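One chain, chain A, links the two complexes that follow: it is found with chain B in the first and with chain C in the second.
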Partner chain A sequence: MRPFLLRRDELPNWIKHLARESQVYFPQRAGRSGFRFKQVREGSLIQLEHYRPTIVPPGKKLFPAEEILFRYQTMGDEIPVVTPVLDASKQILAGVRPCDLKGIDLMDRVHGEGVPNPHYLSRRTHTTIIACDCLYPCDDACFCDAVGSLGWRKNADVFLTALDDEILVESFSERGRTLVQRTALPVCDAVDSFKERVDVRRSKPFGRQFSVPLSQIGPIIAGQWSSPVWENHVQRCFSCGSCNLVCPTCYCFNVRDDFELSDGSSGGRTATWDGCMLPTFSIVAGGHDFRPLALARQRHRVKRKFQYLTQRFEEGAFCVGCGRCGRQCTANIDIFDIVNDLIQKVEG
Partner chain B sequence: MKPKVAFFDFASCEGCQLAVLNCEDAFLDILNLVDIVEFREAMSETAPRFDVAFIEGSIHREIDVQRLQGIRARSSVLVAMGACACIGNVQARSNFIAPAENFKRVYGEADRNLVQSDPEFWPLWAHTRVRAVKEIVSVDYELRGCPIVPEEFVHLVKALVVGSIPSFPANAVCVECKMAENECVFDQGETCMGQVTYGGCKAICVTHGYRCDGCRGFLPQANRVAHQAVLREKGLSDAQIEHRYRLFCSAQFVGRENRR
Partner chain C sequence: MNAIACHDGPFLPQMARILEVTAMTAREKFFRVALPAPLGHRPGQFVMLSLLGIGEAPISISCGPRDDNILEMVIRNAGSLTQVLHRLQPGQFVGVRGPFGSGFHLADFYGKDVVFIVGGLGLVPLRSLIQPILAQPDLFGHVTIISGCRTPAEELYREELQSWSRMGGERRPVTVIRLVDDTAHLPWDGRIGLVTAPIADLAMDPDRTLVALCGPPVMYKFAIMELTGRGIAHSHIFVDLERRMKCGIGQCGHCQINHLTCCQDGPVFRLDRIVDLQEALQ
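Up next is the complex of A and B:
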């Protein structure tokens, strides 16, 4: 199907039109400088550009902070009846940037391979993604191009590219085509020249860049287990876990069983976000803590993003370069700086 | 036989006991599982022994110490309930002012002198230092906060009744702020105690537009040196930082590391 053109000032109407039929989330202001993927209402302010990455990434709409995994009911000596809780409500995530788009794709693989997570996959199956291109880095914290996220298109159902007064509307999936066709939009006859103009306009270099190719970063980090860089960056760390919880590719969770006070014979299991920077994360049965130092926890976090998961899933980086961890860290610890310092140790 | 539960208050506003009563529906269910044998906010009976004693309030005088030790001797499990019992709360700020100065400020010079010389008022004078419950007797569990979080109270009672291990993870308030997708207080141009403070409160203050003042106490891993550096970068003076640190946590933190 050929791409369509949408006038930029028509975008709010289009998004709100979609929101009348389904649950649509779009980045909207939350507080003084923050943004949140909030449900679109009639009065919502819809602007494609000029928003800082949201406090938590849109992928968390597929993996909420707290969710009930199953409920149980006991009946005397019989085997308890266990009922899984799966969320199958339809939703559209709109205004998703390439970094977050890649984050969702990586999470699709994490939750889909090995032992699949039916709770994530149920939400994912019922989620449509309308992504949008970035022509400028969102702020100084951004390094999406350095980790190969800027050009990510793969899992978008609809992809929007805004240039001046026009938005190019491409659909990459059957679901996306259905969504776009419901609105009568003019066909774009000059797609190639539109994209050429976009590439001319795009900032170069785009955001912060590493001094070595991405493929070298994993081996460089692997060789620096006891580098002083880890100590330098952890001195200010609060072990508050904010970097984990706002990360598009952090997916650790804890489970907790609970029973109803009223009858004592029923209850459920709840999953809540967890993070490897939290001191309680590595405490196991019997009280043993296998990673008690903040230094070791931070090293583990960086290695997950640039070494361990990249090997397991054969992906260039498991960090999408959105910059959220550095932006949200009150001590200004930035994973880009840590990796860059490790590179400098080797490069001299 | 149902476990016997008792509530006691020392220097406090009794707000945590009200928070317990405010559990309402859950509280009625709890009454089916336990026998409450002492609870001044709700009943007048007293009992000789209990399985679980909830202690509200900070400990000030010698007679309070003796009373608390008596309660400890009569109970199998002792729970410090609320910021006063756990960390001394705001009243522990008086620890930084000489007692005579405090009395003068509150009662005036004449009465201050009377308190010192009249044997009838002597017990009042015996108030020398505000202490948390764990400074006097061993504490099995702590329900933090000013006031306590009702969900945490219910969680603890459930665990005690069925014999499971209650979970109060020592994580910062930031965890629940991120779960609520709050804009960071520092991004709002304010400063916050959240990074060094025990979570478990669902970041209720930040969620409702305020900052964290640290009523749940310092975390064991609290990186106070880094936290003070961040507060200084945000323009707070050492005196302001000390004030913030002492607001709730005076009995826990006496400010020695601030002296240079």
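Up next is the complex of A and C:
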């Protein structure tokens, strides 16, 4: 299907049109300066704006902070009955940037390969993604281009590229084509020249850059276990886990049982977000802790993003360069700076 | 990688009825439960055991592979879940997910002399490998079991250890060495000392000996040092590791050791595959 053109001022109508039929989440103002993915209502202010990324990435709509795995009912001496809980409600995540699009793709792999996670996959199957291109870095913390996220298009159902008053609307899936076809949009006859003009306009360099190519970062980090860089950065860390909570590719969880106080015979089991920076994360029964120091936990976190998971899933980086962990860090620790210092140390 | 016997998704437990609960020591109880269907496990695998409304924890499978629907476990009273488990009676239900993990492959041990070195609770998972090896004398060589614990009161499977020592023959000798750190003024018919001490005097042919290790984290370092000194290659040593686990399917992140997950790639690892990974053994 050939791409369409949408006038920028028509975007709100299209998004609100979609919102009449299913739940649509779009980045909207919340509070004084922040944005968050809020459900679109008739009165919502919808515009593709330049804004600092939302605190919580849109991918968390697929992996909520609390996920009920099943409910149970005990029945005296009889076998208890356990009933799975799967969320199959339709949703559209719109206004998703390339970094977050890549984050969702990585989570699709984590939850889809090996033993599939039916809870994630049920939501994912019922989720449509309308992503959009970035022409300028969102702020000084962004480094999406350095980790190969800026050009991410895979797994977008619809992809929007806004330039001046026009938006190029491309659909990459059957589901995307259905969303687009329902609106009578003019076909774009000059896609190549549109994209050329976009590339001319796009910031260069785009955000922060590492001094070595991405392919070299994994080996560099793999070779540095006792570098003083780890200590330099972790000195300020409170082990609060904020970086875990806001990361598009953090997916560790805990499992908790609940029971109904009212009847004492029913309840459920819930997966809740956990974070590898939290002090209790690696303690086993009996009290042995495999990562008792914040240094070991931070090193583990950085190595997960640039070494361990990249090795396991054969990806360039599990960090998408959104900059959220650095922005939200209560001690101003930035994963870009840690990686950059490790690179500099090697280059010496 | 491993068969998941969960029919409705990996997080749903099967309900198993408790057949037997026996106190083994002051802290450990032996559980035999009946599952709705055979577990179909390999030695060294584990299950996620749960009590609805209380919680779930990884528990080693203590019995060898079997055709019936029976599962045996030893549970130490070490936390809120296991405390409640210790109060259960036959007829009550527990939730079981799994089996999980790589486990041991019996074929790796065919024709080999096998040395088991276990400390404390380490005997519990390795019993799942000891049982099938002792049950098929023609397939395996000399079996040595070195089992250590702190005091005689903490020794697990005492009668089985004693009966295993009588299962040897001319073609397939079986040696069982039982140790305590301290007799604590209790009667004791075994040796006194660390579980690593007998390694120096074992008659071992490094080419045809495989070693399986399971015990507290501190045991691995010294046992491996002694074994290496006796010429046993890292590729001939299997370690059974413990980590915090919440899912069993490689997703919750707790048991990650570098790029590996203990619940999927382990908990049994051939030592040469993890010896260079930081945080694996300590």
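The criterion applied here is as follows: the second predicted complex is superposed on the first by the 348 of 348 C-alpha atoms of A that agree within 3 Å, B and C clash if a C-alpha of one lies under 4 Å from a C-alpha of the other, contacts with A are read in each partner's own complex, and residues count from 1 in each chain.
Basically, a residue touches a chain if its C-beta (ideal position, glycine included) is under 8 Å from a C-beta of that chain, and two chains touch if they have at least 3 such contacts.
This is a predicted model, so every value here is computed, not measured.
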What is the contact status of A:Arg256 with respect to chain B (first) and chain C (second): first, second, both, or neither? both
Tell me the contact category for A:Phe238 with respect to chain B and chain C: first, second, both or neither. first
In the superposed arrangement, which partner chain does A:Ala296 touch: chain B (first), chain C (second), both, or neither? second
On the A-aligned overlay, A:Pro213 touches which partner chain: chain B = first, chain C = second, or both, or neither? neither
Between chain B and chain C, whom does A:Pro205 touch in the aligned arrangement: first, second, both, or neither? neither
Check whether A:Gly76 is in contact with chain B, with chain C, with both or with neither, and answer first, second, both or neither. neither
Looking at the overlay, what does A:Gly43 touch: chain B (first), chain C (second), both, or neither? neither
When both partners are placed on the shared chain, which of chain B and chain C touches more of chain A: C
After the superposition on A, what does A:Tyr308 contact: first (chain B), second (chain C), both or neither? second
Footprint overlap on chain A, comparing chain B with chain C: 256, 258-259
Per the touch rule, the chain B residues reaching chain A in their complex are 26, 29-30, 33, 154, 158, 162, 167, 169-172, 174-175, 177-184, 186-189, 192, 194-196, 220-223, 226-227, 229-230
Interfacial residue positions of chain A with respect to chain B in the complex: 30-34, 36, 55-56, 65-66, 235-242, 245-246, 256, 258-259, 261-262, 272-273, 275, 278-280, 294, 328, 330-331
Enumerate the contact residues on chain C facing chain A in the complex. 1, 4, 8-13, 15, 17, 50-57, 76, 78-79, 82, 91, 93, 95, 216-217, 242-244, 246-247, 249-254, 256, 258-259, 264, 278-279, 282
Flag every residue of chain A that touches chain C in the complex, lowest number first. 69-70, 72, 74, 77, 79-80, 82, 84, 110-111, 114-119, 225, 251-259, 267, 269, 271, 274, 276, 281-286, 288, 290-291, 296, 300, 303-304, 307-309, 311-312
